[in-house]
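Labels A, B, C and D are assigned to the chains in the order they are written; within every chain, residues are numbered from 1.
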Amino acid sequence: MNFDISPQLKAQLAAIRRFVESELYPLEPALLKEGFNAIKPRLNSLRQEVKERGWWLPHLPEDHHGMGLSLMNFGMVSEVLGGSILGHYVFNCQAPDAGNMEILLEFGTDAQKEQFLEPLLQGSVRSCFAMTEPEFAGSNPVRLGATATLDGDEWVISGHKWFTTAADGAQFAIAMVVTEEGDDIKPHARASQIIVPLNTPGFELVQNLSIMGERGEDYLSHAEVRFNDCRVPVSNMLGERGKGFSIAQTRLGPGRIHHCMRWIGICERALHLTCAYATQRQLTSDQTLADQQIIQSWLAESRAEIDAARLMVLRTAWLIDHQGARAARQEISTIKFYVAGVLQRVLDRALQVHGGLGMTDDTPIAFWYRHERAARIYDGPDEVHKLSLARTMLKPYRFRKDK
Amino acid sequence: MNFDISPQLKAQLAAIRRFVESELYPLEPALLKEGFNAIKPRLNSLRQEVKERGWWLPHLPEDHHGMGLSLMNFGMVSEVLGGSILGHYVFNCQAPDAGNMEILLEFGTDAQKEQFLEPLLQGSVRSCFAMTEPEFAGSNPVRLGATATLDGDEWVISGHKWFTTAADGAQFAIAMVVTEEGDDIKPHARASQIIVPLNTPGFELVQNLSIMGERGEDYLSHAEVRFNDCRVPVSNMLGERGKGFSIAQTRLGPGRIHHCMRWIGICERALHLTCAYATQRQLTSDQTLADQQIIQSWLAESRAEIDAARLMVLRTAWLIDHQGARAARQEISTIKFYVAGVLQRVLDRALQVHGGLGMTDDTPIAFWYRHERAARIYDGPDEVHKLSLARTMLKPYRFRKDK
Amino acid sequence: MNFDISPQLKAQLAAIRRFVESELYPLEPALLKEGFNAIKPRLNSLRQEVKERGWWLPHLPEDHHGMGLSLMNFGMVSEVLGGSILGHYVFNCQAPDAGNMEILLEFGTDAQKEQFLEPLLQGSVRSCFAMTEPEFAGSNPVRLGATATLDGDEWVISGHKWFTTAADGAQFAIAMVVTEEGDDIKPHARASQIIVPLNTPGFELVQNLSIMGERGEDYLSHAEVRFNDCRVPVSNMLGERGKGFSIAQTRLGPGRIHHCMRWIGICERALHLTCAYATQRQLTSDQTLADQQIIQSWLAESRAEIDAARLMVLRTAWLIDHQGARAARQEISTIKFYVAGVLQRVLDRALQVHGGLGMTDDTPIAFWYRHERAARIYDGPDEVHKLSLARTMLKPYRFRKDK
Amino acid sequence: MNFDISPQLKAQLAAIRRFVESELYPLEPALLKEGFNAIKPRLNSLRQEVKERGWWLPHLPEDHHGMGLSLMNFGMVSEVLGGSILGHYVFNCQAPDAGNMEILLEFGTDAQKEQFLEPLLQGSVRSCFAMTEPEFAGSNPVRLGATATLDGDEWVISGHKWFTTAADGAQFAIAMVVTEEGDDIKPHARASQIIVPLNTPGFELVQNLSIMGERGEDYLSHAEVRFNDCRVPVSNMLGERGKGFSIAQTRLGPGRIHHCMRWIGICERALHLTCAYATQRQLTSDQTLADQQIIQSWLAESRAEIDAARLMVLRTAWLIDHQGARAARQEISTIKFYVAGVLQRVLDRALQVHGGLGMTDDTPIAFWYRHERAARIYDGPDEVHKLSLARTMLKPYRFRKDK
């Protein structure tokens, strides 16, 4: 084992960090009080700068305009970007576009790549991923109500989705819909992924969901949408029919690394803000918050938990890099619930140390406190991942017993 | 000991509960999506109905238009009202008006009562309490920057406050300001409470603070305000000079009961919503969320913690009723941190069971999750109350040792 | 509601507390280092003293030589006794004798009462209760392997039991054995309780189990036993055939109160020892452990949790007193897991504050830390009680849904 | 970064694991019920076998008869050994001998090495380390009462120590005693380390402490000892006068790795036992403990926490290997409290799943549950390490503020 990182990567991370700190942190107050659209022009010029510096698409190979990093090394970049609410967007590796890019790269036809992937890579459009449905529990993804039926050379799509992240302002959705029905079809083979341009007649953005008091807008929103008999050409099928879940599966590993390292970036930022605030907030003329043992013990616990979380995620990324996502399945489940738990505890302590200020939008902590509560829910609630991990752990013991 | 409650009180609580459930719960969706002002007319007519039913001012004695309940029995009413975000407001016992009423009742002059208290009791105006300052840690209340200096027969008030709850739309503030200075003045004897009509020149409502993404409005807001040389007649001094803290102190016990029972009401509602949702949310064709052991164990833990919390608070209220707040000081500190902790855990579990829905404003859970995070902070952070309780506990041991 | 206790009870509790503190605490060091038998003579003379003072059998009615307390008031006595490892034994209300007495009182024939109950009440003998079996999970009590078959006018008992508390030195056991078999017999109606004198041929005390490094002896031991075709007269059946579980059920409520209040007594003693040690243990020339914030916050948390636990248990006892154990079923489950959790946390904090000393047998904390770990296991593991409580809570919601 | 380990090391670890599982696990029941001395002959022959296999002294360089592993790689061996209570002893790397060997190697004179180190390396004798004193809090190590005064060419040692691990049966102690006094001596420069053969007149092994109900014996014991004017030649001073603490300091890093990896080995074993027991313990005819969600979620949490802990410790070992213990100070503090916490939670869950069996000495879990409770106490209580870590974390922020 070797816990060192190369001097080149170190330098790269340091440069990106300086950029994030000097260019993105200062934009957050406006974001938090005026909303995403208010700062969008500034963000777009920063995106241009990122391109020029060679940091664009840090998650993609070089031959697709990306930085050409291993998943582990991208993970470290993702942590740095996660320090700001805006990091991933400005580097064009934000969810759900990053995942859509990867799926299109691996499964898209040449025509799909030209029409849908290329503008995404350019950053000239955004996309969304329509999977979760209000009527079915997300923890059991094979239960879906949305369907697509073939009518001539068109798929006719009908369904109701929510938590379609960033649909507001997106140009197209990749929709998970049931296309294969019949008693002989296995649950995991019923759905397909189909690309739906959002100007397709019948597509309806019902609302940006009111989430924790905010509907948000554009990239920072989660929509309820309806597909009312939307017709798209058969050529919009992504990959093969019935492979919707297996395609989604391929995204699971990298997507998990992306999120987990982003969460760790949030943790580091929150811990930094906490240390900074605690040392300057006077309680009495000669005591600051930082002199209080209880707060000190929280800082230490956060430090330990963040470091543990990072090692867990980087090791998982390394496993995926070297042995593939299949070999790392157990670890991919583990980091989901483990890091989400750390994130919540670190943010909770950070907010408590900030006191009243922590409740306000004068720091990004309250934003993360409310919105990243979802980290324990999305991509499968933590509990589902625990049970799944346990079943894998128990398999050899059950087998042994049966013999 | 006797854990029974009288048939009359039982009937009263049941009737109030029916009213809250049938009249207030249905107003919450509009509140959560359109804001307080959108439903204010409806609320005002409900307030009228509450008056007619004899439930107005449940915290006050009958000779002041109230219900004439003991603090313990009011506590039980407060729990029922707490089940809705709107309960206390509709019964005219909302913070900070409830506390201001009590202070004015006990310390106000006849003129003050006529000018300020009477309209409050009528419900025709609202008030606020300006104490916390951004520049000083709230956990050490004797550190204050706001001052009032005597100029002829006027106090000239100058200061900067925040978290002045419900200042937006209020008619007057009670402001905590330093009036007594000098080396011989003890820290606790430096401040006074002065009534400041908000139309006084120099008063500035800087902003409704952006808290957890929302500025809120009217009763549901927390303001940053400035007193820029506001002049009020000397007759606006509430109680004696230098008694600001000791007046505030008298409110501590009843105010704590009010909040803690309100939190318990929130807990009960959240637990109810959770049980209801869990039993109807299908995971598979024959399993609901309610069939999952992990969720069952959360429900049981919430049930136990809520019951424990309620007994702790009611016993504290009973102690205050029978022996006075001074005798119950230790308990008053204890319930602050104990119940705030229960509240957060119960809400967290409720949200997690609701999954994505829990993140939305389709239930009141997300509202409480974000706004009641403040319960661990306001009225002194939990940690301060723990240390204070511990010091009381340790006193007899230290004494013993010295002998 | 009324949280007061009568002056008489207060005086009684204070007197018992003085006795426990002055007579029993000083015997603990010898107990912990030399074992139970070493101090038994002294304990027997103290038992005599307790009889003379009128405190003997505090859990029983006056017409059975007891103190005639309500269950709630006995609970308060049990807390005081629980402060010492020896309290319940010296007052002759120790498990499992206390439970056996109650069963014999309610279900015993006159002959059984004379032969078995009377000497128990006198304190001249001890008994045990043989239920748990190594081969079957205790969390599902209806699964039992031990049987009794009728042969003429004798029951022939055969079975293997463990955790037969205090079998070492006992004169008789009450054994839970399957007597009714057949497809039409419901699981709960298969077992009976039969009294087995331990000098019956075929009875074998295999070993006092080695528990947490100690086999213990006499009252403070848990045995593995075997019934190898033990023959007892049919008249030794306790209650009716097939009523074994329903008889055990009647003991559940009072037994739970007994244990939970004993645990609270342990908590109070541990907290007292902790406060006393913390104030005198110097860290530096001017700082003691008691000056450390982290320790202070633990003391406060323990204080709060103990107080909450006590109220929960007393309310449950009151419910049983006034409405019967059936009405209090939910509460009886709740206090099991709730108080066991408090006990473990309080002991853990107490031990940590004591540092190395806490690991030694110079205080009773290490004894409780290791032996009371079982509190979360015996009488059904906490998890089983949580699930059972949850199912009760969910019932009305499921019903509603079905309609 | 690279999370792989070399094929050679993998093979070595696998071979050691097979040995530990096949030779040491089967000895544990006898250890737990009959004590250390009962199995000592068998252990000594296993030690011989370990020597022959080339695994002796895994913590030492090859030129001192050791395995020549890096600290990180020794850490992995230590984990495997930790799976059995007996692992470190049989490989002659048990505390406190392992530490004493390292100190003697680095600071001993040739004569000391010949007289004291050589027999230790051979495994023909054992040693102990006498530092902690009952009169002073171990969390502040510079406070010591034991002294050595020079009288001619002898040091005369006087003092009272406890938790002198494994003194029973040891041949010599290394004693930490105050030798330098005077107002100008800094607290950290007052103590020296002196080697005291235990047959020195005046040395008194007062008792093996009764810890968690057991006094233990030989290697598995912790003694209270007294030095009553013990005279040893001046040549028994280890290193320079006044360097006692700085010598101890050098041991801190490797010692921490040793313990933490041993704890992780315990965790893995406990988790393994739990999975094995859960899959075979029937609750009903078709359900085992392993089918219960609550238990599954515990297994997953333990898995995650153990993996996180291991990565933390290995990274710390790697840091020490490559940058020295000084550079890794923060990490050395972190793993102390972090891994001790994981250990306790994993053992607690393991015990709970085992139910009654977990309380008995039929598995090693109860042994670890009670004795490894000390992990949160020895080498400085966790809380002290948290505060120390926090102060290091806060330093740059304080500095910034001052400018």
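Simple rule for what comes next: a residue touches a chain if its C-beta (ideal position, glycine included) is under 8 Å from a C-beta of that chain, and two chains touch if they have at least 3 such contacts.
Not measured: the values here are computed from a predicted model.
Listed by label, the chains touching chain B and chain D alike are A, C. Contact tally for A-C versus A-D: the pair with more C-beta pairs in contact is A-D. Rounded to a whole number, the gap between the C-alpha centres of chain C and chain D is 38 angstrom.
Chain geometry summary: the mean Cα position of chain A and that of chain C are 52 Å apart. Chain A and chain D have Cα centroids separated by 42 Å.
For chain B, the set of residues that touch two or more other chains comprises 292-295, 297, 383.
The residues of chain A lying in touch with chain D in their complex are 1-5, 72, 275-276, 278-280, 290, 293, 295-297, 299-301, 303-305, 307-309, 311-312, 314-315, 318-319, 322, 331, 334, 337-338, 383, 385-387, 389-391, 393-394, 397-398, 400-401.
For chain B in complex with chain D, the touching residues are 292-294, 297. Remark: chain C residues 32-33, 132, 134, 136-140, 143, 162-163, 209-214, 281-284, 289, 292, 294-295, 351-352, 355-362, 366-367, 369-370, 373-374, 376-378, 381, 383 touch chain D in the complex.
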